[in-house]
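Here come two complexes built around chain A, the first alongside chain B, the second alongside chain C.
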Partner chain A sequence: MKVLTLNFLTCAVKSCKSSSDSFPLHPKDAELASDDVEVNPQLLINLLPRLDWKALKTTSTELGFPQLPDSPPTIEDLQSDEKLLKDLHSLLMETNLMEGKLVCGVCGHEYAVREGIPNFLLPSHLV
Partner chain B sequence: MLPTPTTSHVPYSLVYEPAEDSFLLLDTLSSPSQTPFLSSLFPPATTPPPLILEIGPGSGVVLAFLTAHALPIFSRSDILTLGIDINSFACSSTTTTSLLAASSHPTTSGHFLGCLQGDLTGCLRSKQVDVLVFNPPYVPTEELPTLPATLREGGKEKGGKVTFEDESKLLELSYAGGKDGMETTDRVIDSLGEVLSDRGVAYLLLCAGNKPEEVKQRIRGMGNAGEGRQWKAETVGTSGRQAGWEKLQIVRIWRE
Partner chain C sequence: MEYLIRFSQSHETFRLPEIQALAVLEGIEMEVVSYSLDSPFCIIRLPSPSPPSLTTTTSLARKLIRRSILAMSIHELWGHGPSLSTLHATIQSTTSHLWPQYLQSSFKFTLDSYQGSRSSPQKVSIINSFSYLGFLGPIKMRNPDEEFILHEDWIFNSTPLGIPEPKYLYFSRYLGSGMRDLPKKLDLKKRRYISTTSMDAELALITANIALAAPGKIFYDPFCGTGSFPIAVAEFGAVAFGSDIDGRSIRGDEKKKTLKGNFEQYGLLGRLGGTFTADLTNSPIRKQPLGAPGGDGNRDGVKGRVFDGIVCDPPYGVREGLMVLGVRDPEKTPWVERKGREMYKQADFIPPRKPYGFLAMLDDILQFAAQTLVDNGRVAFWMPTANDEEQEMPVPSHPYLETLSVSTQVFNKWSRRLICYRRIPDKDVDPAAVKAREEENKPTGKTADELNPFRKAYFEGFQTPPATGTSTPGTPTTTTQTPPPN
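After this line comes the complex of A and B, so read on.
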């Protein structure tokens, strides 16, 4: 699963969803793998408006990637800052979460990730 | 005709094999009636990349098709595709099928994010999905099957062998839809307002036993389309006539 996916996911426990702490899920004991993907600046520029930047910054820090700026870069920022563009490309388009856990900040439930597939099926007492 | 992705690596004793329903989805989604509609919903260059979600992708043939042929279908290749399946073997199959298809069509392919194991859309943030595709368990059955506890945790760990009972259960889960074949589909329909983005559209496969005319009426009557908007539900693809009725059909659902 690409790390970008984390920007779309939340805890599957119903009562957690109303709390902002259920997003993003926090990677734990993460093993990452990197694909070689050609840099596509236009894709990143188009993608930014639909991402939750604060959550992305948290994910980036928690996975040990370079610190992202506090506010989302503008198109001009991305066009002029090659390092930022490369960092974002590497984090969003190239990095896969292969093993580890995703932890909810509200209920603490840990979703296992194996062979790149996170398991969001809940034990019966949490359904 | 866009080429159908290869699924020869998929273990068909554990994962639903592509059949007439899968191919009807491929034909409909790539048809001259749907591709202009999809390009108009997500105009390239001026709007963010659409997120495509398939629930229950099984072998991954449909999701891989949409990923690999993003450019001819959506008029843009910067799409993101994601699968969610309750069957962990289907998740692995979908991943392999999608990555293979994408690498065979590098100039037209979108970006496959991954396939998660989960119960429908419970793990998604609200209003993120722009295109939802669902080929549900639609066969009317006495009971709705549940996933055996042994398969909840991946099922591969106990010596890598899946019991015959569990194999049968996985296949039953792929087709058995409970009352009117609609028990699982109804849960998805009820969640559409929460799951689909404001520009979102769903493609849902139904069989004659699902009473499709009633299903479409029910969708049109849902009150949560947002201010000044209404739910639309139209049949956009059909296959196989039986006693004057379409055996299978694809219903497109959106707000307008």
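After this line comes the complex of A and C, so read on.
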């Protein structure tokens, strides 16, 4: 699962959805892997306005990457700064979460990640 | 200028939605001049640029069709008519200004006879009847500069019926081809890992086209199974996400036969965004509440609305059970939930599931799409229906989604439809429709049959029900007497 995915996922428990602390989920005991993926500037430019930058910053720090700036780059920044584009590409598209857990900041539920596939199924008392 | 699209005569009701979607994708204003489900020939008009330039329009025509699965080729249309003599007259009176530019080109003539055939001597004499074009270049059967084609539309069964002439003819210059061969690349027979309900490669690719999958976009399939749709959208350049309530379908044998392995087989790994085990009714995907103030994308907290497209083939409850998380009857089986409370943290715990209503699920898909698609993003999904008119299931609707196309693949007693919708920007949503939706009653029930009228009809063999009034009092109302609400 690419790190990008973490920017779209929150706790599956309905009562957690109303709280902003349920997003992003926090990786725990994370094992990462890196894939070689061709840079797609068009994709990153399309994604930029849809990314929750604050959450991405949290995820990136929690996974041990260098700190991201407080505010997102602009589309012009991405178009003119090749290194910035590459770094963002590397974080979002090339880094994969392979093993570990994703933890909700509200209920503490831990979603196991196995072979890059997290499991968001809930027991009946939580649905 | 008018152009001729030569379609494949298969999946007829998908052809126009596909080519219209490709026109939207390429930003081409296409006007359909003549089209019929019974014919593989379709005439379209493309806008003339100003100043008029034939090369620009020609490249538009090639662009329009380059990704099409159901269109075989596109042609510059020089003339058409009900007989060869009227065709010649049209070509001579309207296209003589085009001839000089091909005077010295190498060329070949081809006869494209649909539902008919000609003997070799006949072919030669027909081709020779075009000699007034006066081309001087060499005739090359392989890779000529230009290919001129006489398309003949014969009536069905013309050879045994002894019909001597086609009912209609078109004469064209070949411009470009679609992607009729792409389904072979993704053929299920050669795919590493499939399951009983994997979607046929051709239809998956058509679905991806209709939903406008393209480079730089992100797509999601909430019922991904072994990944037929994620593969199809990735083949067209999109980054694909997928989830399934059954994690085993994604993991496969955890070696080569996995969803990821399929992406690997086709060299598409870079476009596999992520897969996860999840239930659409308890989805971990962030959703933007509908009607929220400033709901166009930048509200504090949830930004939501991330997908360019959602494509799926949800379980119909016939071959594949229709389940969501939960317990069917919590009062009867209190121990199931109790056990869940004690055991759910263990790695091998399998959460209980209960049957779910097909129509409720379709409605959930639409609601989910409305909450997660970007403006003008598309959702395309498959749903089954009975062929019998009385048992037909209505096309579901949603105030935030505009129905764009409904295409049908017909089987013996039932059909499945591909329905495509567009996410309407919030400001264009009709408030009256939103209110009507809130007041609707949702269907209830517990067993698979109660919840799923299609499943019930399927296992009853799609029998036409007795006329209203003959059913004994007390029997449950059948689907056919009260069509389920949308």
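Keep this in mind: the second predicted complex is superposed on the first by the 127 of 127 C-alpha atoms of A that agree within 3 Å, B and C clash if a C-alpha of one lies under 4 Å from a C-alpha of the other, contacts with A are read in each partner's own complex, and residues count from 1 in each chain.
Just so it is clear, a contact is a pair of C-beta atoms (placed from the backbone, for glycine too) under 8 Å apart; a residue touches a chain by one contact, two chains touch by 3 or more.
Values in this document were obtained by computation on a predicted structure and should not be read as measured data.
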Report task. Give the label of whichever partner, chain B or chain C, reaches more residues of chain A. Result -> C
Report task. Quick one: classify A:42 as touching chain B (first), chain C (second), both or neither. Result -> both
Query raised in the report: After lining up the shared chain so the two structures overlap, which partner does A:125 touch, if you call chain B first and chain C second: first, second, both or neither?
Result: second
Requested in this report: Examine A:20 and indicate which partner it touches, taking first as chain B and second as chain C; both and neither are also allowed.
Outcome: second
Query raised in the report: Thinking of the overlay built on chain A, is A:50 touched by chain B (first), by chain C (second), by both, or by neither?
Result: both
Query raised in the report: After superposition on the shared chain, which partner residues are touched by A:110: those of chain B (first), chain C (second), both, or neither?
Result: second
Report summary line: Both chain B and chain C touch chain A at residues 1-2, 4-5, 8-12, 14, 23, 40, 42-43, 46-47, 49-50, 93, 111-112, 115-123
Query - Footprint of chain A on chain C - complex, ascending - result: 215-218, 239, 241, 243, 245, 247, 250-251, 254, 260, 269-270, 273-279, 281-286, 297, 301-303, 305-306, 308, 325-327, 330, 336-337, 340-341, 343-345, 347, 349, 351-352, 374
Query raised in the report: Can you list the chain B residues touching chain A in their complex?
Result: 45, 47-49, 51, 78, 80, 82, 84, 86, 88, 91-92, 95, 111-119, 122-126, 128, 147, 152-154
Query raised in the report: Of all residues in chain A, which touch chain C in the complex?
Result: 1-2, 4-5, 8-14, 20, 23, 25, 35-38, 40, 42-43, 45-47, 49-52, 93, 110-112, 115-127
Query raised in the report: Which of the residues in chain A end up touching chain B in this complex?
Result: 1-2, 4-5, 8-12, 14, 17, 23, 40, 42-43, 46-47, 49-50, 93, 96, 111-112, 114-123
